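What follows is a structure written as structure tokens; I'll ask about it next.
Labels run A, B, C and D following the written order; every chain starts at residue 1.
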Amino acid sequence: MNVPGERPILEARGLTRRFGGLVAVNNFSFSVHEDAIHGLIGPNGAGKTTTFNVISGFYAPTAGRVLFRGLDISGRKTSALAAMGLVRTFQGSTLFQEFSVLDNVRVGRHLGARAGFLSRLIGTDRISEREADAKARETLAFFGLEELAGEPVSNLPHGHQRMLGMAVALAAEPKVLLLDEPFTGMNPEETRRMMALVRRIRDRGVTIMLVEHDMQAVMNLCDIITVMNFGALLVEGAPEAVRNDPAVIEAYLGSTDGAGHAS
Amino acid sequence: MQAAGTGGLVRRTAWRLRLVFLFAMLAALPYLLSYSQQEIAVLLVINVLLVCSYRLLTLTGEWSLGHVVIMGVGAYASALLAKQFGVPVPLSMLLGGCMAAATAALLSFPLFRMKGFYFLIGSFAAGEIIRLIWKRFTDPFGGPKGLKRIDPFPDIEASFLSVDFYEPVNYYFLALAVVSVSLFVLYRIERSRIGLTFHAIHWQDRLAESVGVDTFRYRTLAFVIASFFAGIAGGLYAHYVGAVNPTRFSVDQMVYVLVWAIVGGTATFHGPILGVVVLTVINEIVLRALGLDTARPLIYGAILILSVLYLPNGLESLGPRLQARWRRWRGGPAAAGREPA
Amino acid sequence: MDLLWQTAVNATYAASYMALIAVGLVMIFGVMGVINFAHGELYMVGAYCVVFLYAQETFPFLLAVAAGLVFVGFVGIVMERTMFRPLRDNPLGGLIASIGFLLILQTLAVFGFGRRMGHVPPSTQGKIEIFGAILTYQRLFVIVAAILLLAALWAFLKRSKFGRALRACAQDAEAASLQGISMNQTARVAMFIGAGLAGVAGALTAPLVSPTPYIGHSIIVTAFIIIIVGGVGSLEGAVIAAVLYAFVHTFVTTFFDGVIANIVGLALMLAVLIVRPTGLFGARERA
Amino acid sequence: MLRKSLDRKISRRKFLGTTAASGTALAAMGSGLSRVAFADNHTIKIGFLAPLTGPVSAWGKPGLDGCLIWADWVNAKGGVNIGGQSYSIEFVGYDNEYDAAKARTGATKLIKEDGVKFIMMLGGDTWPGVEKIAEREGMLFSTLLPSDLSPDSTTLVAPCEVHPIYNVTGVEWLAENKPDLKTAVMCAQDDALGKPSVATYLAAFEAAGIEMQDEPLFFDPTTTDFAPVMTKLLAGNPDILCLDTCYADYVHPLCEQAFQQGYKGQIISCTADFYQKIIEKTSVEFMEGFIFQFPDFDDPALNSEGVNFVNPNEFYAEYAKRYGASQWGAVSWEYASIMDLWADAASRAGSAEPAAVLEAMKAGGTGKHAFGTADWWGTELFGIDNALVGDWPVVVIEGGKATIKDFKSIPAWWDKHKDLMIKHMTALGQMWNQRG
């Protein structure tokens, strides 16, 4: 197993997000280290998804900062963050359902396949496009989807769609990959395969942060886990420490649905 | 998206043959038409560009009610440049297109704060304001009466060739040339990564954002490109008819563009073209020839309703549907069983 | 001072009929998700109901107005059943269908009543003076009817089971159908109310305007501006925007002129769109 | 009616040719058309190119209806005698939807495919699309909007409607008969008809020594509520309320509002279509003395010697019988009166060819206008003498009935006050050399 680097690659400092009177995230800080697989968990309504949305640029923070490689990125657009190497995935099968599998990943290569407007018109973007295609196929191969390149997405089974979602993100060559509930709705076999994939992605030098409900998977996969409750930091530490932390147990027992997962 | 192998080569050759055939037809067309039908053909060709440029904008999922006003910006700009500053007409048309594109670029700042339905009404508001400016500032826009006696496209007077663009046949070929080049450009854009990105924004803008697509920039790009070609269509119109006025670019006219696009269908490149051609032929030739007189709008309205009810995916879906039915009929019950319904 | 007060009375009338039209338009949009381009023509049909029943057949005015409401309401139901229901998942198709319907209504009006204006004699020439401002009974009818109808609608939507169903469908059609609310039934009622309000506005104002088969165009443009200012999904917003627009437009017309009033109206719309794209009372999240 | 006449023209073959995809069918039709056009040597076709559907159709369709009566009457009498041969007249309508491009297409069709000898238009927005064709083909055109006239178009005439210049006659009559009325206010819709009319009234008021209390009030053509407009106009208690050239659907609510807001003074307007209905909305007393410019066609004064319109009373009765009195308007007789002028000119020319007819029309610088012999005039205002201007009736409502009080001479007014007219027209940008 890789040992996470010492340098934090992604940090939140005093992050706060309000919606009207509701405080979804309250003075929340954490740091993700390079090459880590970092889990963010918490009972329902703890503010995980909001945190994710703030980090990925969908919402601007009400207060506090997000740092990426030491640079303040709070409030920047999602697309700008992707260009810096911070890419997120979405829950479920959020894909370009009307496209072929290959075209989905080709969109993921958006940043890599640069060409001017004119060269697109007259077709001199062929070189960069061929390269992008090759990269896209390579990414598909990484997920074992190369055979399905020509298929329309809607023909894919659910599990494959989830992998394709990750392929699209990976095609953007992220430094940090934010995974939004990658295991939700999977059976144990699928979960096991997905976990192996996440590790392999990390082994390619991609730092991973994930939000997840499936405690089993998080405990087995993550190097470090941050637990949120009521929009704030509850506990942070290695899986073992977190699992046995009384505050965590209480938080999960206190919420109706989290209890089963925590045990 | 990419054709590969020998199958691709065959397909490409067939496609090219079809294109050659199409152009031969288009070239022969005016000689088969009466004089007034040639006039209709000129306007039709211009409207094809208008509706195709509109489709490019809709690729990103945004529907505008201001496209005809943008066409008007091109028409007014080209007319004024020619009239007031003596800019030669072909150049003024190009500049008219640029002016339309620049207007779109400017408008994109307030408009692309909105999406979907709000963009639709926002574009309506922006268009109404532009029209009000034309009405209000009689100098230089001519007020409610607009501009007339707009310089025509200059005649070609060479020793071996003399082309008078007042003749609809000649203007038809001019418009056909301009529109063909424009459509080719629009087609290339859609087939390139830019088009892929437009589609991506349409279907999942957040996912596109997450892999680095600046959706605001791409929406603006679609809007600017669409507006440029709408402006060119406006220039072609202004220098053909010789007059423009604010009423010509009102929301009533925009409704027609919307109707052409939706009745034709916007899933394919040729859908809106089918829409504008079929509806124009019905309204301007068939219904007039039937002597329906004042009942014309009623029949036209009924056709619109029936077509969206029974061809919800547009006229473009009619071809494949008929093809499937033909194949089933020809293949008999056995073949029909094999094909998924 | 007198002029100010008279202008305020004028504006109140304008606000009343504009509110009826705009609320109807919002209602149809809210439940069906369709922009009803034929809304101005529904107003026109309402006006011609009065031309026919009251001016030509000499039925009592109020009866003709009531008939206008009911008849146009049924026209709305016909639109729902034949066009908007089959096109529920196709809002642009619905838009095109409403454009087709608009052309049909215009042509039918020309066939039935000619292309020149219709005539409606006033039902009464009485008038009252309110602190020196003149208000004719004819206009007072419109104001009172608008207040009563909108109040009744408000009560209906707040109190009845149907009102809840209507609001549920407007917010989330899918969730509503899961709760056992019949989408068809709700849409039918919404369409009846929305169209009926446009019809009753046309019927009530028929003696005050000169209805022509093409009057719908003037109506829909104004109604559009109002619902944009008010926020497209909000009934309350439509009413408040109608009042706001009517006052601004009337005061500017009186103290400057009518063309400037239109410019100010459009500028108001643009300002709202730039500051708050979803309108003054529209839901934020939909943008 | 029109449908019937169109049906006759469209042979089944032609329709099939139009729609069939087959190129040969289309080609056959192309050559077939010229045969259709000249099939009958004893019929002359006249084009009617105006809006027949849509919001502006009220300015076109009733005119075509009137022309059909005109044609029936003339043809019943054996037609028009041209060069010793009688020709029946047939109207060919084309709906231009008040759009310049469709007008262009229509003009082309009427000239090249129907072989018409003369085309009547409403003009306005549609004329610029046709201008070039008129010039190229040398076709004779008429318009109801003299502001279309310009020295560039020598074959366009305005032989009936000389809007808005005749409005001066009403003001002149008012000043002569009610000299104690000294102040006026005015409103108009902001469009191509309203603006030149405002300039005309301003000039006429100034010439008559009547003072404007305020700037003219412009309103948008989409206005439906006229209470604020009237509140503003009446704020200063004017002697005279001028409704300019407001359309009928504005004049009615404007009068109703003036009545309701307690106005008791003089009203002057260009038109007062369906004034009986205005009286229903107001009162006979309120409308007493209302001055406007368009007589009832059952007015006995129209049977006087000088009036050239043939059988005005019977014409109106026939129109009301066929189409209903509620569809009658100025355009109902105006196009027909142009046909009188054309038929007269064609007879004198001995030819239906446009150039010959135009020459005969303008011969001697005078022509038979509907309301009497008139002069070809207009150089100073339109840049060309192609408007037929003479006497125009001043109509006053008396005891609930419109009555022609006088025929007043427009040229006589012009000779005295033309500087004023040019001044106000220039100020509003309405001179022919100021138009875009």
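Methods note: a contact is a pair of C-beta atoms (placed from the backbone, for glycine too) under 8 Å apart; a residue touches a chain by one contact, two chains touch by 3 or more.
All values reported here derive from a predicted model rather than from experimental measurement.
Trainee: Where the contacts of chain A and chain C overlap, which chains show up?
Mentor: Correct list: B.
Trainee: Name the chain whose C-alpha centroid is farthest from the C-alpha centroid of chain D.
Mentor: A
Trainee: Measuring centre to centre with CA averages, how many angstrom lie between chain B and chain D?
Mentor: Taking the average C-alpha coordinate of chain B and of chain D, the gap between them is 37 Å.
Trainee: Quick one: report the Å distance separating chain B from chain C, using the average Cα coordinate of each chain.
Mentor: That pair's centroid distance is 33 Å.
Trainee: Distance between chain A and chain B based on Cα centroids, please, to the nearest Å.
Mentor: 42
Trainee: Which residues of chain D are in contact with two or more other chains?
Mentor: Chain D, residues with two or more chain partners: 53-54, 57, 61, 190.
Trainee: Counting only residues that touch at least two other chains, what does the list for chain C look like?
Mentor: Residues 107, 110, 217, 221, 259, 262.
Trainee: Going by the contact rule already set, what residues in chain B reach two or more other chains?
Mentor: In chain B, 294, 297 touch at least two other chains.
Trainee: For this entry, which pairs of chains touch?
Mentor: Here the touching pairs of chains are A-B, B-C, B-D, C-D.
Trainee: Okay, in this complex, where on chain C does chain D touch?
Mentor: For this pair, the touching residues of chain C are 3, 6-7, 10-11, 13-14, 107, 110, 114-117, 119, 121-122, 125, 127, 134, 136, 139, 205, 207-210, 212, 214-215, 217-219, 221-222, 249-251, 253-255, 257-259, 261-262.
Trainee: Where on chain B is chain D touching in the complex?
Mentor: Against chain D, the touching part of chain B is residues 28, 31-37, 39-40, 43, 135, 138-149, 152, 166, 168, 237, 240-243, 245, 247-248, 281, 284-286, 288-294, 296-297.
Trainee: With touch defined as at the start, can you tell me which chain B residues reach chain C in the complex?
Mentor: So the residues of chain B touching chain C come out as 63, 110, 113-115, 117-118, 120-122, 124-126, 128-129, 132, 136, 251-252, 255, 258-259, 262-263, 294-295, 297-298, 300-305, 308-309, 312.
Trainee: Under the definition above, what is the set of chain C residues touching chain B in their complex?
Mentor: Per the stated touch rule, the residues are 35, 37, 82-83, 86-87, 90, 92-97, 99-104, 106-108, 110-111, 217, 221, 224-225, 228, 232, 259, 262-263, 266-267, 269-270, 273-274, 277-278, 286-287.
Trainee: Using the touch rule from the top, collect the residues of chain B that touch chain A in their complex.
Mentor: Residues in contact with chain A: 1-2, 185, 188-189, 192-194, 196-197, 199-200, 203-204, 206-216.
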